[in-house]
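Each structure below appears as structure tokens.
First subunit A sits with subunit B, and in the next complex the same chain sits with subunit C.
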Partner chain A sequence: MTGNGYRTIAFYPDRCDGCNLCVEACAEHHAGSKEAVHSRIRVCGDEEGRYTGIALCRQCSMPRCAMNCPAGALSKDPETGVVCWDEEKCVGCLLCTLTCPYGGIVFNAASGRVMKCDFCGGRPACVEACTRGALELKRGADLYNAWGDLEDLVVPGISACLGCNSELLLRHTLRRIGPNVVLATPPGCIAGVGAVGVNGKTAVKTPVFHPLLTNTASMLAGARRYYNRIGRDVTMLALGGDGGTADVGFQSLSGAAERGEQMIYICVDNEGYMNTGVQRSGTTPFGAWTSTTPVGSVLRGKTREAKPLPLLMVMHNCEYVATACTAFMEDYYEKLEKAIEASKKGMAYIHVFSPCPTGWRFPPGKLIEAGRKAVQTNIVPLWEFELKTGRIRFTYPVDDPLPVQEYLSLIGKFRHLDEEQIRLIQEQTERKIQILKAFTKEGRDGDETRVEGVGS
Partner chain B sequence: MGKIIVCDGNEAAAWGVALARPDMVAVYPITPQSSLAEYISQFVADGIIKADLMDVEGEHSVLSVLQGACLAGARTFTASCGQGLAFMFEPYFRTPPLRLPIVMSIVTRDGITPQCVWGGQQDAMTVREAGWIHMFCETCQEVLDTVIMAYKIAEDRGIMLPVNVNHDGNYLSYGVERVELPDHEEVDAFLGEKNINWHVALDPERPMGVDPLTGGAGGEGPALFVRYRKGLCKAMQNALEVIPAVHREWGERFGRFHAPLIEEYRIDGAEYAIVTIGSMTGAGKDAVDLAREKGERVGLIKIKTFRPFPLAALCSVLSKVKAVGVVDRSVSFGWNAGPVFQEILSALYHLEKRIPALSFIGGLAGADITVDHFMRVIETTGKALKGEVPSDTVWLNGPEENR
Partner chain C sequence: MPQTRYVIIGSSHAGLSAVEAIRLTDRDNPVFLLTQEDTLPYSPTILPYVVSGEADPEKIFLKDEDALKGSGVVYRRGEKVVGLDLHARSIILKSGEILDYDKLLLATGAAPVLPPVEGLEGVSCHVLRTLEDALGLRRAMEGSRSAVVLGGGLIGMHAAENLHKGGLKVTLVEALDQILPGYFDREAAGLIRDIFRENGIEVLTGSVVTRVFEDRGRCIVSLDSGEERTADLLLVATGVRPRIGFLTGSGIDAEEGVLVDERMRTTHPDVWAAGDVAQAPDFFDSGKKRIHATLVNAVEQGRIAGMDMAGDEALVPHPGGIAMNTYRFFGHRAFAVGLGGENSGELSPHHLVEKTGPRYRKIVLQGGRLVGASGINDGMDPGIIAELIRRKIPLQGLEERFISDPLGTGRVLMSRTWR
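Moving on, here comes the complex of A and B:
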């Protein structure tokens, strides 16, 4: 029953002031009394008096309460999505309350049985009573997706490969940054999926330009300088691949960073030239198979490690530098926020780890898992650098990193690796984390203690 | 009224830029253009040029930042030559099809290898098929005036193409002359309103995809591509009308008339002619004067505008003579001749009667082309009237055994 877009009641604790109007409205609707004992919703606070959550039925897609009910009193309505409760069948065993992780089923002492939210027939009294907007009736898919409300600035039906991370990134990035932008997409996957268009038709609703593979940062810099000159605030955004960023485009990027040009430069790092047939780039990792670092009886994939581009950009005194991964979208959105601010002063650089199902040889459905595992093994540490603090901060510290093999075994381009190569990758990964830690506050102050939350 | 200054060609070009009031200038130094980059920088520092200065990390970015600025609506300038131009080639090549009216000086220089930092026109000749308008100047005054006129030509609605104002490295870059500096307000009146990016724009208020992928084996792609190509060709042909008109207006406003496409010197009554381009023309004219005193019926044709190629104007004058000698300051490899000579040969095909044409190459690597050299050119070309045509290119500064 998943995927039907059933509705649920969302709660925003930062808007809740604990007035309890929702509790009273619920009780009144169901029992004709404002007494809290009749309410099917509870507002929960922490010790400091902040309202941190609600106890309320979420109308789960696969309700454990219904699975556990020995009497068949609980069932999911396939039409409305409401988890219905039949008082006649209930035997009062309370097994349902044990399985609900949300405290959504309430024991009613008066009846000796349970009761739960039924959405009041589609117009929940609690939501209507809330004056602060802390409760909202919305589709489950939209529950934590505030960005879903933003306009998609990319048209449907673009020509990306199945499971393409570039498309995911393009859509989300443009949503957040909005239409007051000039987008530059040099030759590569972002342009290849149709962002800049073909034969006079374009796929994005913003101004978009197809620079050379080599001059993205320079071109944007010139446009931004002129807009500054005439007093217009326009965001300059580059979405470049690793080839146009780390290799042949690096000179213009480096020059623009040195001059502090105001732009957001996002490198979509899929570790090679995926758009032209999976050739190696400067950010292809050690051991990886590509069509120009093949695996044979003599050669076993790439022999050198990837160029540490994000750190190179830190050393350019960028206003803001971050690494990101679409498996951690909340983290990416927070970094985009900071990049937008930073680009008002100078260059903001985000390096996005971008697994490629087509070129890396893994099933499209494993895209997010690949990203997650890369982070959990510390192969892709998530961090940010702010010029104003002058240090690196881990945004998703990994306490106990998984062995790199957990990530490598997912990806076809590493299938040939022998034990020695895997051991080397494990060592490289640990060494890189140590280098990063040296740029954190603790590392810089000479503190010998381990950086909190970061695996060694 | 303007004022009189004494300056070299690089400073003259910088004054031209100052008077044209660009929004953005980008520079990267290279010999013999370096002092032009320095003048521009100093003029910006002193407020004489009220533009944003982008001192970037190489010629590739020089033209790239200007493309970005121009697409946003800026009037722009830069200068380069030689290896710098070679390094700039990638963005250089796409400036005309984007129809960006960028103005750029090429302070012409010979190509390496062997290592050479001196004058020659190999750089400008090498990029002649990129789609830029190319004009070659003879004097420092012409450099200054042409830089200003270049904006009016580039920004003409029927053209919208970038313009190279070329002047010879060493000779014009460092040669000092008396130059008249026009009055700033009069130049403003001459240039009128800036006309930059009504046709392409990187502007959130009118979002569009600039330079989408165009072409492919099927569908409308190739036809669309051809439309762009033909549009550029049409713009080039339009320039053959606009360049003379702009020069005429300049002459009327400022009292200095420069030949817009070609200049005819003592062609009336000439039996044969020599063809020059750039700063060598002065020595060529002196030689023609000397030869005329000796009774030789020789004239001179100076090529000012090389792209678009002034075919009709050239045919008109070439049809009056019986032989022509062309002096190049660069080499067309594979033809064992000079590139201007090749162009003149093509033009001659359009005449009713075939006449002998001779190729001379001189002034490479900063070498002089003196009056003496031109006397040889005139003498050799004159013999062609009697059927004595050299079988090969004559190298004016070549080793003794080749003379």
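Moving on, here comes the complex of A and C:
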């Protein structure tokens, strides 16, 4: 069953610069004047110049304003979802303004009436006026419907740890890629949760095999070449852990990428060997506790930084490389889409940040929050690389990142960090962002300008 | 969903809000919605606007038959409830019919009370609580040239303005020394009173009516000052009392109103109460149970009662009733939320008063949190003010800024919780 999606205006505070074009456009549309008094939308800015939100009608599903209107002048239109105000019926008692916590219906001192967002008949003037993409028109259930209609190719009740990211990742990845796939899962958590199964039964409804830790990419390359020979277009998909990808399996992955083998290789990076006793891997970050990077009187967690695996894959001239996080599922789906296309030509590599409640020691309920904070601190920047453009593009640019401590303090494996270590992690994070930025369009164009400047 | 028969007595805001809440969880079981009046559901709050002609009495109804039927409601009008049998789980209607329930909501509201004034029983006077009252008052206005309104609460004030606009010479008599005491302090009430006086309405505060009698079809009101006022029309708006007469001897505990907890449960497990009939925990003094007879409280309490009746797990118990309202008069607007009325004690409020305009702002802080605010012609979002109070959101050092710019600062504080 698909739900009805109502449209809504989304606000991205990071992109807002307080220009008030939205306010002017709204007033102009509704009253033919740019005066803010007529605007149904207002930007809330604090003293430090941060934009915290918009005072605007949310077109609530159960609008309090309508429930509290004694005149029956407010009602939700079941077709459009817009909370409609009937000017004729309104007696001006103002009770609606007493019940809206969003400042979404307000008294207009110039007209003497209340006013609220009416969606401008479907094309909100504020959204069209915003030049920075801080306002976007979205349909609430679009994604839900699009994903909900796809078949879940994983059986119920798999044996993941409580709060494990792997189940979320496995289900959604297979939903999007679909049944025309051969899945390879080397030893690791994805295999461990039941993808390759026990006693001859597997938890996935697609062909699946269990390569060695060392040969996932080469076995998939062989399978793909066979399908190519018999004329069938089947997607090859690897879901490997960071050990099976960055360390033990890297030789075969590197070779397959260099040869341009057609597959989607997804690295489920939980930053260590999580299902064999939480040992360190090549992608375990600096300072993290693992059972082989202990914390005691001498050692204070891992002393080396994580391997920049996604960048290494960019350097292999893969068709497509991206980083992703299940806390940003919409972003992940878009990347899967591009990966499917790219894998028809060559290697598509996605590196998924995958927090592990068991091995990283944080409560299972905090999985998504950990992902969000990792991205918002720039510890895990979300980006993609396409060979055809030759550039990296940030898909969720974080211009004003939170301090890394906001992420680190959520995670038990970082509990021991001292101020010096935190400072180092902050520095490493900023340095890595600068490196990535050099590969973006802006970074490259900037370099060219400078080079020309020196030459002339 | 097990078979459950919901019966709701009273079809105004609390009852309608309960129906919506029940239907979020329980789509199938029947809901019986009863009203003693012979109309579709409407709000008593609209009645002053029916009197003034701003609202068309044909278009004030909040639900029509189709909408009620569509949500599985059996709507029964003209059904007065005369008794309740908790043991048999049934209510007794005036017609003699016995209606069984599994879960019962008392949302019978309140009825006007006549003050104990000598002679008042013997004269014909108006009250304003039902649509019939409003239409009767409207008709009576046509042949009248003068009116006396007893009571300076919201209903009395609204009515006095409407009678004045209808061309009558109006005197409003309030026994207390200020109008609207539940919402505004003496100073704000004084500003409102002055506007009434400037518009030609006589407002007598601290004035007690000692006797009322009729003389040649006109009504004479004697005051304790020794003066008299003569009027063609007498409107009594001195207060309301919960409609709980039918509960006498039933076993449901009641004081002024039906006693309920923060889930709107009465002392009996199958019976809930919400709205003007319910005496519920107070937000600022949880040990006390009070009646906050406002539309906003009725909606909220009805919603909570409905959720609890249907076993909705998402229910968050009611944080307690808060006095709040909005008020428009002679082109001005006012609102009040929380503490700050004349009877709320000393809380070091912050004031801004401009006699011209007039403009008035009062902000009451306690322990770094907002506990009350009121304003006349002042730019604040009353809804945001109410939410800041209800959620006890700390002002985090923004107290000074909040006092000077409550609109912008309130929005910033709330917006941190919006996403």
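Basically, the second predicted complex is superposed on the first by the 301 of 456 C-alpha atoms of A that agree within 3 Å, B and C clash if a C-alpha of one lies under 4 Å from a C-alpha of the other, contacts with A are read in each partner's own complex, and residues count from 1 in each chain.
FYI, contacts are C-beta pairs under 8 Å (C-beta built on N, C-alpha and C of every residue); 3 or more make two chains touch, one makes a residue touch a chain.
The structure displayed is predicted, hence computed values, not measured ones.
Enquirer: Once chain A of both complexes is superposed, is A:Pro179 in touch with subunit B (first), subunit C (second), both, or neither?
Expert: first
Enquirer: For A:Thr214, select first, second, both or neither according to whether it touches subunit B, subunit C, the two together, or no partner.
Expert: first
Enquirer: Just subunit B (first), just subunit C (second), both, or neither: which does A:Arg225 touch?
Expert: Only subunit B is touched by A:Arg225; subunit C is not.
Enquirer: Between subunit B and subunit C, whom does A:Thr206 touch in the aligned arrangement: first, second, both, or neither?
Expert: Touch partner of A:Thr206: subunit B, not subunit C.
Enquirer: Applying the document's definition of touch, where does A:Lys89 land relative to subunit B and subunit C: first, second, both, or neither?
Expert: It touches subunit C, and subunit B stays clear.
Enquirer: Of the two partner chains, subunit B (first) and subunit C (second), which one does A:Gly255 touch, if any: first, second, both, or neither?
Expert: first
Enquirer: Where does A:Gly18 make contact in the superposed view: on subunit B (first), on subunit C (second), on both, or on neither?
Expert: neither
Enquirer: With both structures placed on chain A, which of the two partners, subunit B or subunit C, ends up touching more residues of subunit A?
Expert: Larger number of subunit A residues touched: B.
Enquirer: Between subunit B (first) and subunit C (second), which, if any, makes contact with A:Thr99: first, second, both or neither?
Expert: After superposition on chain A, A:Thr99 lies in contact with subunit C alone.
Enquirer: Would you please give the residues of subunit A that touch subunit B in one complex and also touch subunit C in the other complex?
Expert: none
Enquirer: In their shared complex, at which residues does subunit A touch subunit B?
Expert: Contacts found on subunit A: 179-182, 191, 196-212, 214-215, 218-227, 229-230, 234, 251-252, 254-256, 258-259.
Enquirer: Which positions of subunit A touch subunit C when the two form their complex?
Expert: The touching residues are 42, 44-47, 52-55, 62, 64, 67-68, 70-72, 89, 91-95, 97-103, 105-107, 109, 112.
Enquirer: Show which residues of subunit B lie in contact with subunit A when the two form their complex.
Expert: 23-24, 26, 52, 54, 56-58, 60-61, 64-74, 90-91, 94, 201-204, 206-216, 219-221, 224
Enquirer: Which residues, counting only subunit C, touch subunit A once they are in their complex?
Expert: 13, 16-17, 20, 24, 43-46, 49, 54-55, 59-62, 295-296, 299, 303, 324-328, 331, 333, 335, 337, 379, 381-384, 386-387, 401, 408, 411-412, 414-416, 418-419
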